[in-house]
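There are structures below to look over.
Across the two complexes that follow, chain A remains constant while its partner is chain B and subsequently chain C.
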Partner chain A sequence: MSAYGTTRHHGQPSANSTPASTTLFRRLTWEGTVPLEIRVDSKELPANSDRGLECYYIQAPRVSYLPLLMPEIRRFLMDVVFDEAAGKMLKEEEWWFESEEGTLLKWHWPIGLIYDNHIISASIRPPSQTSTSHYNLQVTPLKLILHLASPPTEKLLLSPSAESCKQAFMGQLKEADFIRWGNTKRMTGLRKQDQDGIWEGIKEHNFDDYWRVASKVVPTTAPARSNSPPPSTNTSMHARPPSTDPQSAPDRDNAYNVRSVPVRLYLPDGPVMQDVVSPTLEDGSPHTLVHYLSTHLPLLFPPVPYSGPELAYAMMHGVLVPPDAEMAWLGACMAGADGWVSLCVGIVR
Partner chain B sequence: MASGSPDDSGRQAALPWTPDVSESATEALQALDTYKKKDPSKVVVRFKAVGNAPIMRQNFYKITASNRFQAVIQFLRKELGWKAGDPLFTYINLAFSPAPDDTVSNLYKSFATEGHLIVNYSTTAAWG
Partner chain C sequence: MTVMFTRQQFDETCREFIHAHQSISSAYEARLSGWSWKEHHTLPGFGYMHRIVTLNWRHPASADTFLEIDDSLDVVDDGTTASHDSPDSLTCHQYVVLSATFRVPAFYFSIHGSSGSPLQLTDIMQTSLLREDVCEGTITTTFAVSHPAMNFPLLSQGEHPTLGTPCWYFHPCETASAVEEILKESKENSRRPLNWMEAWFVVLSTAVDMQ
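Up next, the complex of A and B:
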């Protein structure tokens, strides 16, 4: 599976395959933010609240999570909106979010994914309700309703605490690790302080802190990958501290050598699909997005040759993904902080 | 996968679309309907106790693939006679805890071993 064909008709070794550009795309992914408008359900505002101010706007990191925004939101509400005595009676663990349309927002989904999932779900509603743009990739605040009581616990699945959010996050990282290598040795091999550090990186939205640890787990793209077999001198191009790589096999960190790329496909209003996504095809050529989509969703992404109108689009982190993007490359450069390539599919109008 | 042609003559009217919606959008919505159909097939889940967790008399169960993992957790709790609040940690392949909203179908496709989805359960956090 990992042997590369020597004849590659497409997928020239692109400029994107250098580690510097890998870092660039990782940083772009990391720095992405989404606008949120958070409004307390007016029926639940405690007595003597300052009505009219119960709306809070925030530009939230895509890689962050709603429970991590709670302290900031609470501070604002306590300072500006709630009557002091009434505010103290409120229990934060009973707070929960809903979208304007009444969709429950999950504590354990990255905020960027919640945003993108909202956009694709809007793409199947009557056009009059939303923007008129072709792909509907508007950048307007996602309107969230904050409820202060009676959380639908059984549907939220997790408690809103930062701790359970961390556990869910680590679970996702481990699942991604297992998908890539068939075991979770890289994750379990991390020292406790590294495991904590990777989550601190999310909490503090610190790119360097996060990637200092994540680079021990997430594979990278390397210039060596188009050579077959890679000359041993290329080992140094990984530029990784030898201490983390006792075996130091040249391809140990190569995104194109994983068993499978952690990919989830999100459709409007669900479902979420997940399957084995090999980095290369049987002929050794890279597995591209267009191949992946036309295999999994042929009715929305008809296999080539196809001359009909474009039916659907795929986006990640709010941007359309080029059809010839390679799945392994997406896994190394554009996965979310949880390690997953989360592809959101919307309908073209 | 999903190559059936949905019988939508009756459903068309229910779609929230105005008449000027393009044909391609209608086609795309029909395609979506096809992909939203729940997988009625069943898969075998094999429960394995870890550490001090009680062993189940029967540990193979067939479960509908479209169920969420949360349903597996709830089933397991019931079988073990666990009360709300009793700690129970569940893992796939002794390796990780899946998100409770992931489907059994997705987990099975990615992690099945010899035709079984192996679910380990423990009363203490094991690979936390």
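Up next, the complex of A and C:
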């Protein structure tokens, strides 16, 4: 299938069929972290705990999930805050997180998404903070209050366990697979070992373990299309210069051949928007971010020609996404670990 | 899966469905009636169908376990609609939403006891909502009911796509393929979306007591 002498579906490393720029952006996305400050609600600290040490700071991976931080938080609480008797009473299935403003944090959202959504909501909440930034985004630790009991079950999904988190994560990967190809064969065709392996990659935050499996499922950008340098020769034994064979990239896994790119749009308050996002438009040109936004949120992103002031922006992994970014490229190079291009929309003050 | 609803088709089909099933002249009709159309308060394209149904416990003993009431309280389960004052009456909010990924209708629900708190999965299994044989061969955890042969859990938790509240839902993939099977057998080769939705309710009622 692949002219490089190896196929992505035969368990061989994919580095030799993935452009270096794609790998670079995937690694940057993977390595993003956000600062969290976690404090147990003072009303829930037992009488004989050490109140002076109640804050836990963590630089959490954007692609991880709150339940995966819980073992670490628990160890901290056991070592520093709770005595043995109180520690025995800790029931992680009853834990829940809240921001200082009282927003309930969703354990099934990647931490990076929670963070970006939060700083955007904070940026538009009065009174406005003095800031030199045009967007008023304060990149400070996200202050979380950890409650140890009585989760608000009428508002939050139950069971923040690693197991339920894994199931939700695998579900998102399968949905992304379905969006791209109209079926979930790539995901369900993975051996059990690989399915478990991709989640282990998230749990252990290991890029290579994650991508060993993800490369079998996530589309890649064809070397002939992009302006990136050819794959570096010291990682590949089979690479050929792309220019000798423009059809060499396996078309069936090409990001521009998907039926639709898995994209979700998060407004500061409100339901999540999800619609069909074709990789190319009717005239054959690539579907760009500016086109997608002006079609779906024309009031915030007025269609061209528009010469007024900027009203809103789109952020992904804490980065402002340029308007001419191609949706298919985002899907291949900067999707979250769950397979989705999750765009947070912010309003310019 | 061959059928896909656009948002517009879904909205129109739901309205047609609600209108077609307004009468409750027969027991069959009653099962498909009582739905109303709801929209998001500001954004278009998030509409869904909603109705409220009262449920009972399948076995009176489950009510006792749930409510932790003592034996002296008389709990009678005579199969008729329980009054709202009855200690074992359960309120079930049912929703038909459009699955954004699979582009077919999906059935979401939440069940609340008289105190207002939502039921956990093990308690849900004891209510009159699910038919007893639905869970044959399945594995139940606190967060899902799964069948080893299926790619997705049969029943799991998710946020209502418009309201954002926690609900339980049947995975749309599984119901959609069953509907395709039914329509293949059907003599009418009519593929009108309303036919699809009605066949979908038939499939749903094999798992859910649509009352």
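Going forward, the second predicted complex is superposed on the first by the 295 of 349 C-alpha atoms of A that agree within 3 Å, B and C clash if a C-alpha of one lies under 4 Å from a C-alpha of the other, contacts with A are read in each partner's own complex, and residues count from 1 in each chain.
Keep in mind that, in the parts below, a residue touches a chain if its C-beta (ideal position, glycine included) is under 8 Å from a C-beta of that chain, and two chains touch if they have at least 3 such contacts.
Just so it is clear, the model here is predicted, and its values are computed rather than measured.
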Have a look at chain B and chain C on chain A after the superposition and call it: clash or fit. clash
Tell me the contact category for A:Thr184 with respect to chain B and chain C: first, second, both or neither. both
Pick one for A:Leu158: touches chain B only (first), chain C only (second), both, or neither. both
After lining up the shared chain so the two structures overlap, which partner does A:Leu299 touch, if you call chain B first and chain C second: first, second, both or neither? first
Between chain B and chain C, pick out the one touching the greater number of residues of chain A. B
Have a look at where A:Pro309 lands relative to chain B and chain C in the superposition and call it first, second, both or neither. first
Kindly classify A:Gly102 by the partners it touches after superposition: chain B alone (first), chain C alone (second), both, or neither? neither
For A:Arg349 in the superposed arrangement: first (chain B), second (chain C), both or neither? first
Where on chain A do chain B and chain C both make contact? 106, 157-158, 167, 171, 174-175, 178-179, 184, 188, 270-275
For chain A, which residues count as touching chain C in their complex? 93, 106, 153-159, 161, 163-164, 167, 171, 174-175, 178-179, 182, 184, 187-188, 270-275
Any idea which chain C residues touch chain A in the complex? 1, 40, 42-43, 45-46, 100-102, 112, 116-118, 120, 141-144, 151-153, 156-159, 161-166
Write out the stretch or stretches of chain A touching chain B in their complex. 106, 108, 124-128, 157-158, 167-168, 170-172, 174-175, 177-179, 183-184, 188, 260, 264, 267-276, 296-300, 308-312, 347-349
Could you please specify the touching residues of chain B with respect to chain A in the complex? 1-3, 16-18, 21-25, 27-32, 34-36, 70, 92-93, 95-103, 106-107, 109-111, 127-128
